[in-house]
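Across the two complexes that follow, subunit A remains constant while its partner is subunit B and subsequently subunit C.
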Partner chain A sequence: MSDADSGRVRDRLDALAERALDMTVVERFALAVASTALALFIGLLVVAASGYDPVAFLGYIFEGSFGDSNATARTLKFGTLAILTGVAVAIAFRAGVFNIGVQGQFVVGGFVTVVTILWLAPLLPESAVGGVALMLLGTGAGVLAGGAYAAFPGVLKAYAGANEIITTIMLNFIAVGAVGYLVEGPFRGEGNRAPNTARLPEYVSLPQVVFDSPDFSLVGFGVALVVVVGVAVVMARTRFGYDMVTSGYQLSAAAYSGVDAKRTVVSTMTFSGMVAGVAGAVFAIMVQGYYSDPGGIATYGFDAIAVSLLAANNPLGVVPAGLLFGGLDSAGTHIGINSDVPVQLIDGIIGLVVLFVAIPELFRMAARRTGLGGESR
Partner chain B sequence: MTPDAQPPAVELRGITKRFGDVVANDGVDFTLERGTVHALLGENGSGKTTLMSVLYGLYEKDAGTVVVDGEPREFDSPRDAMAAGVGMIHQHFQLVEPMTVLQNVVLGHEPTERGLVDESTARADVTDICRRYDFDVDDRLDEKVRDLDLGARQRVEIVKSLYRGAEVVVLDEPTAVLTPQEVDRLFDVMEELTAAGRSLIFITHKLDEALTAADHVTVLRDGEAIDTVDADATTEQELARMMVGREIVTERRPRSTDPGRPMLTVEDLHVVGDRGREQVRGVEFTVREGEILGIAGVQGNGQSELVEAITGLRSVASGTVTFDDRDITRMGRRGRIEAGVAYIPEDRQTEGLVQEYDLVKNALLGNQTVEPFVDGRFVDWASVRSHAESIVEEYDVQPPTADARAGSLSGGNQQKFIVGREIEHDPDVMVAAHPTRGVDIGSIEFIHDRLAALRDAGLAIVFVSSKLEEIRALSDRIAVMYEGEFVETVDPDGVTDEDLGLLMAGRRPDGLDAESDGSALEEEGVES
Partner chain C sequence: MSLSSYASRTRYRLGGGIAFVVAVLLALVALDVPLRAILTVGFAERSLRAASPIALAAVGGLYAEKSGVFNIGLEGFMIFGAVTTAAMAFVLGGDSPGQPDLWVGIVGAVVFCTLLSVVFATLLVRFRGNQIVAGLAVWFIGLGFGPFIAVLLWGNRNSPGLVSVRQVSIPVLSEIPVLGPVLFETSPLVWLALLVAVAAWVVLFRTKYGYWLQAAGENPEALDTAGIDVARVRFAAVVFSGALAGLGGAVLFAHAGSFNGTGDTMVNGRGWIAIVAYLFGNYNPLGAAGAAVLFGGLENLQIQFQTAGIAFPNKLMDLFPYVAVIAVLTVWGSTRMPSAVGEPYESED
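Moving on, here comes the complex of A and B:
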């Protein structure tokens, strides 16, 4: 590329960044919808080019995501987890802290939930009331554990200057390894051949509403929505949220206004980890009913980064973004079982959606950070 | 123009630029003669930078013609402008800090030999430019830009645009970041450049600078060119009248009559700066109710660190800060805000306002623990909004809406909003750091009035500025800071500008009548 060209690219980028920074929420949402459609369309071209029938493929996607009540339940199940982990990521990103360790916090939270319930179960009555109490206590413990596991890299960043991206990634490995060891040995259920904990008692499960599914309950989805609204309220209407979001926008202005930057990093990470802990608890109670080797558990915490970017790190935006992910995941499962189309194609489409939708948002974030498009201000 | 004369370097005819409903430039005519400095003078938001951005290809004009060297031109980007010999030095330098001076100058236009950067040619070319225009950066070509002070960085920017073949250089508020000495340097450089046939456009809102440095002055007001005059044939008063549409008089304000009890006392304060160097060395002072202590000095002599230590943004190495008989040395920023220490920060862009927030959200900045805006943990946005609206109205912020994004306001209006917000804290102590820097004349007067009114209402005010005239106009006492120490504390009525200038350079003039209030330094602390 010649000098003149690179200069032009820079100018165009500047103009584009200016435009992107001025976009309204509605414009951004419309852009996301258009990007999704475009990504799907290109995905279908790839499907056609690979020698499969794109129309049938499109049919599978709709069928697999909400074709019947099973498919819808599956979509909502994946969506619930994507939403909860996505909100966890969004909290941190909004505050300018890069919590890449949601997967680790999710695993630790879920494991602690199961262990707590198994430990407390003999102490409480074997009834529906006992089950609800156990679920609340277990979830509480999982939330605390997720929060603590995220607070640690927060403290390291605030008081020792350790880059949170690196520490949280390392802590993901540690969480998976440590919990893997614990379910393999000390906490393995009696007589289990697989490295799993004992099952949760029968009465510790979410009630079935509308859908009849072994691993989904509308109550779980409701929990996710309540958490989303709660987080949105905290971000938009509380002092803590204002301090946090202001730190994310402009650290020096936050400091000027009396925000303690170090404490905010720790509390942001803790808050983010607590929501990851809720995700872990919902996964453990609703989906699994026990805890297995986390090496084999899907990487919700990583998909969550894409979900959050898709939602422009807006907690309310995480709901449609999470459902989109849930739907595509669910369609992937369906296609894997019911057709000869390679399931990798669906992963490819998910990748395209992320690229198409998240790139404009990433560009906005990058523009804000690098000062692109700020010149004419 | 006689037929054989060369065409003007730049001619702008009837330039109109709109942003939505706002007309930033309204049919502006502007002619830059070859080999001259032409000042573009106007208050903040009068359209100076917009006009130059049209010339430089950053903005697309809605109407009008740009003529460079006698030829009509359409610039789509700064690249096009550069190619036609028009360069622009922005207020915020566009240099890569970890790279050397030489690398920065040739960046993007490196001379190459078989695809590799030909460093010796680059060095020879750049050295040649430096020698020709008497720039001092030629022996610093291998220093990293981050190690240079702001004045030197600016000269690197100028060398860079000359290296790229600029015949016309636009300087956007080039003196805003410079110390008085560096400003003189810059004016020398500008003279060298015009002597060598280059033409300069000098954007400023400072009357004296326009008169000193320019040959012609065009005054912009509300997007219109009011008049173009010869610098030799006009006066500051006349220019000021054109700028604001009325006469401005920098009158000395009445002094405080009876200061009350001590509100803020600083004892033997030592503060370490960002680079680990001690920036404040044993400063002591007391400010009483109903008194303005002016802190004068050339920027970078420890004023910023002193202010941050007082306001709680920087920890103190040793010494004490006492507020209303309470030791607040170890108190955090939020504690001090709550106690009643308000702060108009030096940097309104990065500290005083969140650029992406609207004014409503910015009204909460620093008010996060203040009722009724925050009740316990929850923010009452309705009351924050009405607070923001009342600030906008009371302090005449333009545009008059609390929904405006802070970053879209002009500097003066941003500052008025901050001043309003901080005053409405109802503080006991106000720390104002360079509150009028980069602010237009109308706003300066307004801010001065407000600070004087606060003093009369019994506040203790610490007022930091490097502008002598405003320090003298407003202060009840002036402490002059040099290399982290108070050289002397003087009575503004008993000191001349010359004496203040000497003190700012760290010298104690003969026969100076220092105030005997105990806050002056001992002899040994003074460098001579």
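Moving on, here comes the complex of A and C:
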């Protein structure tokens, strides 16, 4: 886009952002709840239309998300990933940059984490301390890789006008294909039948606290909360965060106050990709313990878009929204084991949530018609 | 922007495209790649087949954007088009549907996607939804419900082999060397895509409906003043784009013969590539179709490399179209989009 054109597009986005910011906190909360409820309701209609029992399905959702300690651990596991990827999306969306590529950054970050740990493991002592050092180094490498993989489309957007929505989606496909090739060939573990890397050493794992689960540790959830607080502080209390948020709110105002718009786009993308890298590292270390063909890994980076939008792109709001989606994903696993309803329905419901969040006007009108909420603007 | 600078920009773009293709060919010759083994008649025919779904979706997306609405949901509508065609052919013809079942399935998919896009257009135009987020949502809904339908019907995200469209050969014309087998002995859906692209060009640039459409995107106030309902023009354009993307998905299925719902489904980014195709084609339906052929060719390079004896990992070769999209956006990212895109129009009255 030429500068004039991109300026115009920016103005449109600014107008959209302004409309969103017009909403009060209560309105946003109501929108999130109404969107989720309506999406679930449509999901239940589909269940009934497909010849299954919607009441039993609803029961499975509650049972599968918080029914017992296993279900709760699973909800927290998926919640950890939804929160981390959700924060990554929120950083970019808040700054008016559409990073749809969190999935790709998550994959690249996780893969690099595993490769780094496998590469360094022979150099460090085989002990708990060595394990912690390896996890820190591996995560650091994953964060750098995720940041770099996001900085690339940021640079293309800032300096060549390439639409970041499309480039980041293409980079998702490329990350999945390229990492898929690497785990199948050059990085396949010795003697592995499946296209996986070698396993991480036993001592490279997070300790079990409260929950006894092979693929969840409360420490991982703690990491997610620490990242949330860190991001919230950066956004609210630093010059960098201020520049990002003002650019997202209104680009022209940001430019007047001396913000370099192009550099802000690149640094926003990098920051967002780094958080996606943390998510990738947590997934690799806590959940998998090796890296597999990413074509078979769930699309946490897409759910993250719904999580961030539900939270109105607020890092703190991502925690409850992420837990909600963790619960949905966890229920999906439970449904897959215990019922015949195709679990893909959960993905469809998540898509419906995204759709409804995009249309606040629909609910406003419904509220006016039914006399609820009553206030008109 | 003045007309002359527009023309020179188009020429520059066209020149750039041709220069790029020539440079690639020269590089291949310099590297001693057996060109004759790569540029075969079969390759041309396969490329056109692969290009048809992309071209159809691109023409649809182009109409929506010309009218001022960015339909980012093309990918989702394509998924619905593919799965609906497969499902209808299966319901009508069981495990071995015939050609009539397939054609009814294609028509059914277009009707279904038209209905879906009526809902989508209502949410965008009437309820002023966020075009980007709602469009992404259509993709996610397709990624969920497409495989959902497949699992309901076949117990698996992938359908069994069902039916692919029968190739048609025109007597006499198909005897012409090179052109004959490429154009006159192929899938009738390739002709359909070509016909749609030409018709779309004529309507857009030679009829009053086309001018309304362009005005809705460039200068909605003027159109409103002239007494034409901007919202209605946009509504129609969005519905048309959804229907064409659905047709694109149906064509994709009809060429493949089975539905694949693993990963990002069989559509696998073609809807996004369609958006880049019309940007690259500079919002011209014929240009968009030409760009689609380029992407269709990249999709099929794998087979050519194999027959030419060039060793290159398949998994990486599959990524060529995506890399090409990024290259196109980076070099030709400076497209001139209609000035009112993304802005909901609110009439004064």
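Miscellaneous remarks
Operating definition for what follows: the second predicted complex is superposed on the first by the 291 of 377 C-alpha atoms of A that agree within 3 Å, B and C clash if a C-alpha of one lies under 4 Å from a C-alpha of the other, contacts with A are read in each partner's own complex, and residues count from 1 in each chain.
Definition applied: a contact is a pair of C-beta atoms (placed from the backbone, for glycine too) under 8 Å apart; a residue touches a chain by one contact, two chains touch by 3 or more.
Because the structure is a prediction, the values reported are computed rather than measured.
Of the two partner chains, subunit C is the only one that A:167 touches; subunit B does not reach it. Residue contacts after overlaying the shared chain place A:266 against neither subunit B nor subunit C.
By the touch criterion defined above, A:252 reaches subunit B but does not reach subunit C. Once the two complexes are laid over each other on the shared chain, residue contacts for A:243 go to subunit B alone; subunit C is not touched. Between subunit B and subunit C, it is C that contacts the larger number of residues in subunit A. Of the two partner chains, neither subunit B nor subunit C is touched by A:206. Contacts of A:354 after superposition: subunit C is touched, whereas subunit B is not reached.
Of the two partner chains, subunit C is the only one that A:180 touches; subunit B does not reach it.
Residue contacts after overlaying the shared chain place A:98 against subunit C, while subunit B stays out of touching range. In the superposed pair of complexes, A:362 makes contact with subunit C only, with no contact to subunit B. According to the touch criterion, the shared surface of subunit A, contacted by subunit B in one complex and subunit C in the other, consists of residues 8.
Residues of subunit B touching subunit A in their complex: 53, 58-59, 76-79, 90, 108-109, 312-313, 332-337, 343, 345, 347, 350-357, 361, 364-369, 374, 377-379, 381, 407-408. Across the interface of their complex, subunit A is touched by residues 72, 123, 127-130, 132-134, 136-148, 151-152, 157, 261-264, 268-269, 272, 275-276, 313, 315-316, 318-319, 322-323, 325-326, 329-331, 333-337, 339, 341-343 of subunit C. Those residues of subunit A lying in contact with subunit B across their complex are 3-4, 6-8, 11, 21, 237-240, 242-243, 246, 249-250, 252-253, 255-260, 368, 375-377.
Considering their complex, residues 1-2, 5, 8-9, 12-13, 15-16, 46, 50, 98, 100, 156, 160-163, 165-167, 169-171, 173-174, 176-178, 180-181, 184-185, 295, 299, 302, 305-306, 309, 342, 344-352, 354-355, 357-359, 361-362, 365 of subunit A touch subunit C.
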